[in-house]
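As written, the chains take the letters A, B, C and D, and residue 1 is the first residue of each chain.
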Amino acid sequence: MPTQTEEFLRSHPRDIGVEDVDLLKTTVERLAACAQSCTACADACLGESEVAELVACVRLNLDCADVCSAAERVLTRRTDADPELQRSLLETAILYTQACARECERHGGRHEHCRLCADRCRLAEDSCRQFLLQVQEQQR
Amino acid sequence: MPTQTEEFLRSHPRDIGVEDVDLLKTTVERLAACAQSCTACADACLGESEVAELVACVRLNLDCADVCSAAERVLTRRTDADPELQRSLLETAILYTQACARECERHGGRHEHCRLCADRCRLAEDSCRQFLLQVQEQQR
Amino acid sequence: MPTQTEEFLRSHPRDIGVEDVDLLKTTVERLAACAQSCTACADACLGESEVAELVACVRLNLDCADVCSAAERVLTRRTDADPELQRSLLETAILYTQACARECERHGGRHEHCRLCADRCRLAEDSCRQFLLQVQEQQR
Amino acid sequence: MPTQTEEFLRSHPRDIGVEDVDLLKTTVERLAACAQSCTACADACLGESEVAELVACVRLNLDCADVCSAAERVLTRRTDADPELQRSLLETAILYTQACARECERHGGRHEHCRLCADRCRLAEDSCRQFLLQVQEQQR
């Protein structure tokens, strides 16, 4: 069964400018899942009694949520999509998801929400890296 | 298998202030799906040759995406969740998803992206109405 | 000298649906200032050594920033602006700015960023209340 | 008189990690002004009778608003600010503001909102370039 993201990409009236629709779909969905995870992890960290030890985690969660939400919105838009702009945004999303994953992994043994969030960040990072390769090939 | 939203809600260190976790989970997920649908529908409308007839639809899509994204983030946060604040935000989300669904339904026969988006708006509206009832009961 | 917001409102090609452009301008600008203040206050709270006592403040700051950002964007859009939708969003913004102001005021004596943020919340709340009255009159 | 942004930066409890507070202040304020301008310009374009000729402009406006809002939020946060992450986000913001300015400049002669928006994009781009230089020097 096609996902919502796939249905929208297939109903777009123009050439959406990608060869691998499935990769774009997965990237958008993982960015959305990562943004939500980071929002949830920041809030759960605030609810922990040792919140003072989780300050760097909350801060990166908030940044990563903002960057991934922006990337999700921009990559969802396919009218006149510009490879150079997408490339830069993907590179930025890779750095934020990677940094947030690393910080969450430090607390994953004690906090389930950090473990879950690290997983979502790594999935988003991985898809962004693959989609970046595709975008770079288009630019050649 | 539990969804990501459910896993995060269950890993929260505090009382998340809801009796029906499943209803909260569905509401948050449908708000996220609605926000993404509205972003995609606005962009697809911009790609249509008769974009001039879809201006009201694009405008409502953009508003509904912003309102549902804010509601998704706020309802995801469960530390010290305030019923009165949630109630007002849910009422606002209901009005925006309803108005956007109505406009999209007008174009659903001709544009598959409008039909899909109307469906997502209706699902979000429906869950917000149910969750609103639960929040109102908590306030009594 | 007119502000940026005023220049944009005056350059809009359609009837922007308000009698008091100055009130709309002030409301949008104060919502933007409040959103930024709440983002800054949340981060400054995270940097305080007694962050554990500021958890409720951070949480309300994050919510208020999201609600005010959404309201700022929606009220900036004047094409086919709907009074009923604006009314509900203003009511929600009033509740969030009021709640955030109250919490920030509790810490304003010790933390300058909380005092500054409370001021910005109160200014946004006040303008939203005035603009709400104007929107309600239009609906009659 | 200090601006709101400056007051918040000066009230931060930790080392905010920049030498030139004034440059950071200007960058954050211009990103906020650019985000608001892009939201307003997209809406004004939708209100124009020849909206079909402004589709690329609306699309870039929406992207630039999302990227600049995310950058404004992230750069406002000064707790444990990471130079490498800021660098990448600034590079992305430079590309989006530059692309949006170029497109708006094409319509600036006929549409005042496009002319105003191009100016705001160029100001944001210019400050991001200057702040990027400072961040790069910190990394050495």
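In this section, contacts are C-beta pairs under 8 Å (C-beta built on N, C-alpha and C of every residue); 3 or more make two chains touch, one makes a residue touch a chain.
From a predicted model like this one, the values you see are computed outputs, not experimental measurements.
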{"item": "Centroid-based (C-alpha) most distant chain relative to chain D", "value": "B"}
{"item": "Of B-C and C-D, whichever chain pair has more C-beta contact pairs", "value": "C-D"}
{"item": "Whole-Å gap between the CA centroids of chain C and chain D", "value": "20"}
{"item": "Residues of chain D engaged with two or more neighbouring chains", "value": "43, 46-47, 49, 55, 59, 62, 69, 73, 77, 79"}
{"item": "Complex contact set, residues of chain A against chain D", "value": "55-56, 59, 62-63, 66-67, 69-70, 73-74, 77, 79-80, 82, 84-85, 88-89, 91-92, 95-96, 99"}
{"item": "Residue ranges of chain D in contact with chain B within the complex", "value": "42-43, 46-47, 49, 51-52, 55, 58-59, 62"}
{"item": "Residues of chain A that touch chain B when the two form their complex", "value": "4-5, 7-9, 11-14, 28, 32-33, 36-37, 39-41, 43-44, 46-49, 65, 69, 72-73, 76-79, 111-113, 116, 120"}
